[in-house]
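Below are two complexes that have chain A in common, paired first with chain B and then with chain C.
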Partner chain A sequence: MVLLSKPIMDSLTAILFSPLPIDVMLGVIVLWIALGVLGLFAPLSLRFVGHVLFPLGAVGGLILAGAGLIGMAARPETAVLVLGLPGLPFHLRLDALSAFFLVLLGAVSAGISIYSAGYFRKDEGTSPGMHGLLYHFFLAAMALVMLADDAYLFMVAWETMALSSYFLVTSNHKVPEIRRAGFLYLLIAHLGAIGILLSFGVMQGGHGDYTFATMRTSHLSEFWASATFLLALFGFGAKAGILPLHVWLPEAHPAAPSPVSALMSGVMLKTAIYGLLRVTFDLLQTQLLWWGVLALLLGLLTALFGVMFAAVQTDMKRLLAYSSIENIGIILVGIGLTLIFHVYALGALAALALAATLYHCLNHAFFKSLLFLVTGTVLHSTRERSLGKLGGLIRSMPWVAWLALIGTLAMAGLPPLNGFVSEWLLLQAFLATPSLPSSYLSMLVPVEAAAVVLAIALAGYVMVKFYGVIFLGQPREARLATAHDANWLERIGLGWLALGCIALGLAPVFVLLQLDQVTRLLTGHTVGATAAQSGWLFVVATTPEHASYSPLLFLLGILALLLLTFVLVRKLYHGRMRRGPAWDCGYPQQTARMQDTAEGFGQPIKQIFEPFFRIERQMPSPFDAHPHYQGKAEDKLWYALYLPIARLVERISLKMSTLQHGRIHIYLLYSLVTLLFLLLFTR
Partner chain B sequence: MISSIFSQLFQTLLIVVLAPLLLGWVNQCRAWLQNKRGAGVLQPYRVLHKLFHKDAVLADNASSLFRTAPYIQFACMVLVASIVPMVATDLPFAAAADVIALVGLFALARLFAALAAMDIGTAFGSMGARREMLVASLAEPALLMILFTPALIAHSTSLTTIVEALAHREFVLYPSLAFAAVAFAMVALAENARIPVDNPATHLELTMIHEAMILEYSARHLALIEWASAIKLSNYSAIGIALFLPWGIASAGDWNAVPLALAVLFVKLLLGGAGLALLETLSAKLRIFRAPEFLGTAFLLAVLGMLMLEL
Partner chain C sequence: MATFTGQLINFLAALLLLIAFAMLSQRRILSLIHLFAWQGFILALSTTVVAYSTHQPHLYYSAFLTLVLKAFLLPWILHRLIIRLNIKWDVETMINVPTTMLVGIALVIFAFNLAAPISQLADTITRSTLGIAMASVLLSFLMMITRHKAVAQVVGFLAMENGLFFAATSATYGMPMVVELGIALDVLVGTFIFGIFFFQIRETFDSLDIKNLEKLKED
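Presenting the complex of A and B:
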């Protein structure tokens, strides 16, 4: 007792008895790290790691979300951790923006953790204990990224996040494709990290002080501010999967275990959005118009690209990965729109666009995690990822199928679920463009809106393909009829995320009221009061005369009509029903192979949007007794951008290899020459 | 308040009950144009009556999704009917959903139709679902763009406000509305499975879209689907009238204008139905891969209309 001085004691009692949200969050981070380390004591015990550690991690997630909700309404809090290098402590800060993304992390990861408790098996690559360690470190690193208040901690946490997720992606490392996917992921993650590091370097402006507080006060010239924005867009874009840095997503997501894919797609991509928002709106003091236009165009390309490729995929996880690219594109469009409104000092509209963007981040986190987890259960019970060999699972896996239907409807952007609300808000922001002073821009923006709507509509096509081919129709393989449903832990996880999709869809006014502090921090304006002006039942974009939408009334209307129709039809007529074989226009021979395959479902998109794909077809000759048809739709960027760069690097390194002889005296000579040069140079 | 609710119920029921009549009128006109006698304008009611009385036959492996989908489609279409002003703009429920939500409702109904079509796992069902979703995913953006043009003029995405703004102020000619109207006619043909995109009277495997989706349905389920598509046609007509020919629709609380509004509506629908029949008789069905070109044209027209507004 004597050893502890009074101030330390005071702060300890304060933390224990009236903790601030930031203290609680640090507690959760410590809990996650501890859970991860604990798993190493019994790495092979599935019961301990699965049934004890992962549920505790889920509880941590819930606590984090709760603390985040309180933190969003409270004033910013800071903390300094005397860790790291001497004289260079870690600075932490919790403001509304980080609190919002921490709520996202906590709420979504709670569902994924409880699902993971029932998911991991012993025979799948890395041991359960190792999985637990990496998984919880991954969570802790993401939380630290959002709490970091200096570039040093940010980069440390960012790299921890990248590395832990790399090891999670490659957990089944005996498969060569998975190792390759992991390498690609790591490569692009590091390219991105360089961009982020450089952008921080520009922002600190030669002071040598890398805290965010200093960066906020430094005023950069337009040129350097633009350089920072571009570097940040590159760096965070590599993590988020913005064109043309998206190539790792469709490789890494299918390779990773499904809870990890869910976490990466649902949450990790959002850390990049967080970083981009942090740099653009908080750390940089000036924003330029052309950044907004650039973000809008890039986002649009990304969204259209993502959805077209999603439509032609035959692997269910690749399909979802491409659809994540699409959603990131829509989020980037939202950021671009916010920037444009913000630069023109149209504060209320900027806040609306930003609220739509953040809302979509939250929605995407819920429905995409849900769908990735669904693929996990399907994968476990069928051992099949290819859409061409699935089908009819609604009969053998009803729980998963009905929960997946909620995610499917949410992702297709249908009312009254959550995906629709954010798209509604975004379109309302688009409709406000006539108030833009530049006629050039107000011409461009409607065209953009048209393309965004096209992407959203095509997402509906993709979702019918996803759900229809996996869950509906006849089983394409005989063994699918006996596929087992999700276990109870998995059901809780899926149910939590599905519930989130419904709740976020039905209560938009509450969500928008919570977002007020975030939009005030970034744009100086709020949307909550506007949204709530017709009461909590109706969400309003600008004025009640302009537009309102009430998901709850909407749902009640549909349900009442459903009930009424059902009762009337049954009362006035009868409920007689017979079962018989399917009619199918009277064709006698019907097999499961005659249904539309995933390729068939993608074929119209391939044909209509042919210029966007690189298509390879192998046609059989007409005399072939066992004809094989093969068609591949590949990414043009891969051939136009990545392979040339790879070849260039290879050529340069070949040239450089002439310097290498393997003889030690030549290397010593190099050292001497370098030393002499430096001596001469520094004189 | 009570009069608002009455107006709401009256208009919704009007569309629901009279929708088959419009369909019957279109079919009758088409028969006349083809020098046939036709089955009479009441034929759709007879078909519905017959179907409701039959015993339903369900495929052995049909899931409950397949059985609920017709009810959902029907409920969605009735809900749309309760948002679109036909006779008067006094619609309290319209505040719950604007035009974007309206497009969402159409999409919801369609998604369930497509999923139900894939449920049995027949070759025709999934082919129909794929084609329907293809046509829809190209028609939906065009439809939204079309709706945005009057929305931008009226500074509102609420249909009742748009009608109030367009019908009850001095007459201004908007060229962009003309573009939007042409595009709307094209989209409406595609969305309602009419010629030239689809043919409601065919069961030829190479050409059918909507019919392929509902092949496995029978009796009351089929009746609900047929009724829902009739209501959909009426809804589209009502939307078209509300956006492009809103004159005559009574404004809120103006009960004296209602009889006239009803009369005007019937004239518009009679002419519109005859026009649809004429259009269908004059044009031929497009190959399925020409449909994207057709809808792309509609989309471009709609975007052009919106751009002209900005000029």
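Presenting the complex of A and C:
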């Protein structure tokens, strides 16, 4: 006690007895790292790692979310950590934007952590302790990305995030496809990191000072600001899965264990959105119109592309991965719209579009994590990922099925769940575009609004397919009837996320009021007051005459209707009910294989959008005794963009490899020539 | 006095260069190792002279170290190696000796040309020897390129280190003691590792000809 000087004591007591949110968050980060390291002491003990460490991690997530909620309303806080290189400390800053994304991280990861506690089994890839280490490092790195206030810490945390998630993806590394998927992910993650690094490099403008505070004050010319934006869009787009950098998503998500897919899709993609927002609206002082148009178009393409491919998938995790691409597209559309409104100084509309974007980030994090976790449980109890072999699971796995239904409805954008609110708000922002001063834009944007609606509607179609093929109908394989339901830890995790979907859907006014600080920080305007102008029951986008929506009333209406139907059927009609076989269309015998399959369900989309796919079909001959049909819809971009680049690299490498003779004399000669050359030219 | 020691250092430097050329032309491995030992001895001698004339006591230590290590220990190790490996026979060179010598002369001219502006700036008494030091580095490099046998290449490598050491004494009166000790240790350890490699290479290919290493190339 005597050793500590008074200022240190004062700050210690301040941290212990009235902690600032940022201190609490640092505490949670330290807790996560400690939990990860602790797991190494008993790496094979499922009981210790699963039932002690992961639940503690979930508690950390809840604390983080709570601190984030407080931090969102408070003034920005900064901290300096004397870690890292000498003379180059880590700067941290908690403002409304980072607090919002930290709430997202904390709340969603709490559900995923508690689910993971019950998920891992013996002899599945990496040992539980190692898994816990990587998982908790992944969480801590994501939290640090959002707290970073200099490019140095940001990149360190960003790369830690990429590496830990790479090892999580490849945790079942004995399978060659998984290693391949992991490599693709790591490759694109690194390409993206280069883009981000370069964009920070441009922004610091030759000062050599990489703190965000300096970047905020530097004034870049239009050219360099555009260069920064494009580099950031490329870098963060690679992580988020924006076209054409999306190829890793459908490979990596199915390869990873389901909680990891949930975390990556639900939270990690949002760190990229966070980075893009941070660079575009906070670090760059000027925004240009064409950035917004570019983001809008790119987002639209991504959304349509994602949903079309999701519709034709037959692997449930690939389907969800493509649907993540679609949602990222919608989020990018929101960012583009915000940029356009912001440049035209239509502050209130910019705030509305931004709030819708952020709201959608939060919603997507909840429902997509929920659905990925659902696929994890289905995978565990059936050992089957292909939609063609599932079906009828609602009878053997009622818990999972009902919780999945909530996630499915939320993702399909149906009221009163959360997906509807953000999409509705985004469309309201779209409807306000006639007020744009540019006539071209005000003609173009409604067309895009229609395309966004198409994407959203197709997402509903995809979700019907997802839920219907897995849970409804008859089991397509006999063993599915004995599939066991989720265990209690998994149920808590799923339940928490489902609860989030419901709460976010029912309380939009509250959420929008919380988002005020973020929209004020980025656009200078708020939406909370507008949203709450008709009271807490109705959420209003622009004016109450225009449109308003009350999820609670809607829910009550639905419930009343359901009750009425139930009563009518049970009380009034009950006596005349008889059970009998369904009409069999004249077929003498019906089997479970006669149900509509995932393949068949996606067929119309495949037909309508045929030019977008690269379709390979193997048709059986009519005389085949054991007919076998195989259809594959592949990504054209892979063949048109990635393979040519790969071939080019290979050709150049072949040319270079002639330098490699294997003869030591020649190598020594290379060294001598280089030495002479350098001596000659540096004299 | 100063002029005498200066002359002496120049004389020793000339001997060093001569030995470097002799190594380049030497076909027998045993003689190569003897020449290497002589080079180490002259290096130690010249370091002593520099130490005496500039009153730098730490150079005496490094001269002693050089003498023990490079004039006795390393040649002895190499000697034992070639006896155990039974390779006293002549070394085939890639390019014939006269051509190698001509290339060597070109390299020496290049090194002198390069060192001239640096020597004029320096105020050490050993300044004129920088060109010779660089020349012996380049000549050792050339020797490594033109030889087939792995042992000859290791001798070339060690001779190159001698040239670097001479450059350090002539340009700045030696490096700090810690660095010199470190390098001396590195050279010693390096020689041991090379020795182990020789046995491995011979065991794998039945020969010490590094031509065989071409098979290791990936196709």
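In this text, the second predicted complex is superposed on the first by the 640 of 683 C-alpha atoms of A that agree within 3 Å, B and C clash if a C-alpha of one lies under 4 Å from a C-alpha of the other, contacts with A are read in each partner's own complex, and residues count from 1 in each chain.
Keep in mind that, in the parts below, a residue touches a chain if its C-beta (ideal position, glycine included) is under 8 Å from a C-beta of that chain, and two chains touch if they have at least 3 such contacts.
None of the values given here were measured: they were computed from a predicted structure.
**Student:** With both complexes overlaid on chain A, does A:R663 touch chain B (first), chain C (second), both or neither?
**Tutor:** Touch partner of A:R663: chain C, not chain B.
**Student:** Quick check on the superposed pair: does A:P437 touch chain B, chain C, both, or neither? Answer first, second, both or neither.
**Tutor:** So A:P437 meets neither chain B nor chain C here.
**Student:** Quick check for you: in the superposed arrangement, does A:P588 touch first (chain B), second (chain C), both or neither?
**Tutor:** A:P588: touches no partner chain.
**Student:** Return first, second, both or neither, reflecting whether A:L672 touches chain B, chain C, both chains, or no partner chain.
**Tutor:** second
**Student:** Go through the superposed model and pick first if A:G206 touches only chain B, second if only chain C, both, or neither.
**Tutor:** So A:G206 meets neither chain B nor chain C here.
**Student:** Can A:L562 be said to touch chain B (first), chain C (second), both, or neither?
**Tutor:** The first partner, chain B, only.
**Student:** Pick out the shared contact residues on chain A: the ones touching chain B in one complex and chain C in the other.
**Tutor:** none
**Student:** What does chain B use to touch chain A in their complex?
**Tutor:** Its residues touching chain A are 52-53, 55-63, 65, 71-72, 74-76, 78-79, 82, 93, 95-98, 100-101, 104-105, 107-108, 111, 114-115, 118-127, 129-131, 133-134, 136-138, 140-141, 144-145, 148, 151-152, 155-158, 161, 203, 205, 215-216, 220, 224, 289, 292, 299, 302-303, 306-307, 309-310.
**Student:** Show which residues of chain A lie in contact with chain C when the two form their complex.
**Tutor:** 660-665, 668-669, 671-672, 675-676, 679-680, 683
**Student:** Show me the residue ranges of chain C that touch chain A in the complex, using the header's touch definition.
**Tutor:** For this pair, the touching residues of chain C are 94, 110, 114, 117, 138, 141-142, 144-146, 153, 210-211, 213-218.
**Student:** Using the touch rule from the top, collect the residues of chain A that touch chain B in their complex.
**Tutor:** Touch list, chain A to chain B: 391-392, 394-395, 405, 409, 412-415, 420, 423-424, 427-428, 431, 434, 439, 442-443, 446-447, 449-450, 453-454, 456-458, 460-461, 463-465, 467-469, 472-474, 534, 538, 544-550, 553-554, 557-558, 561-562, 565-566, 569, 572-574, 576-585, 587, 590, 592, 594-596, 600-601, 604-605, 607-608.
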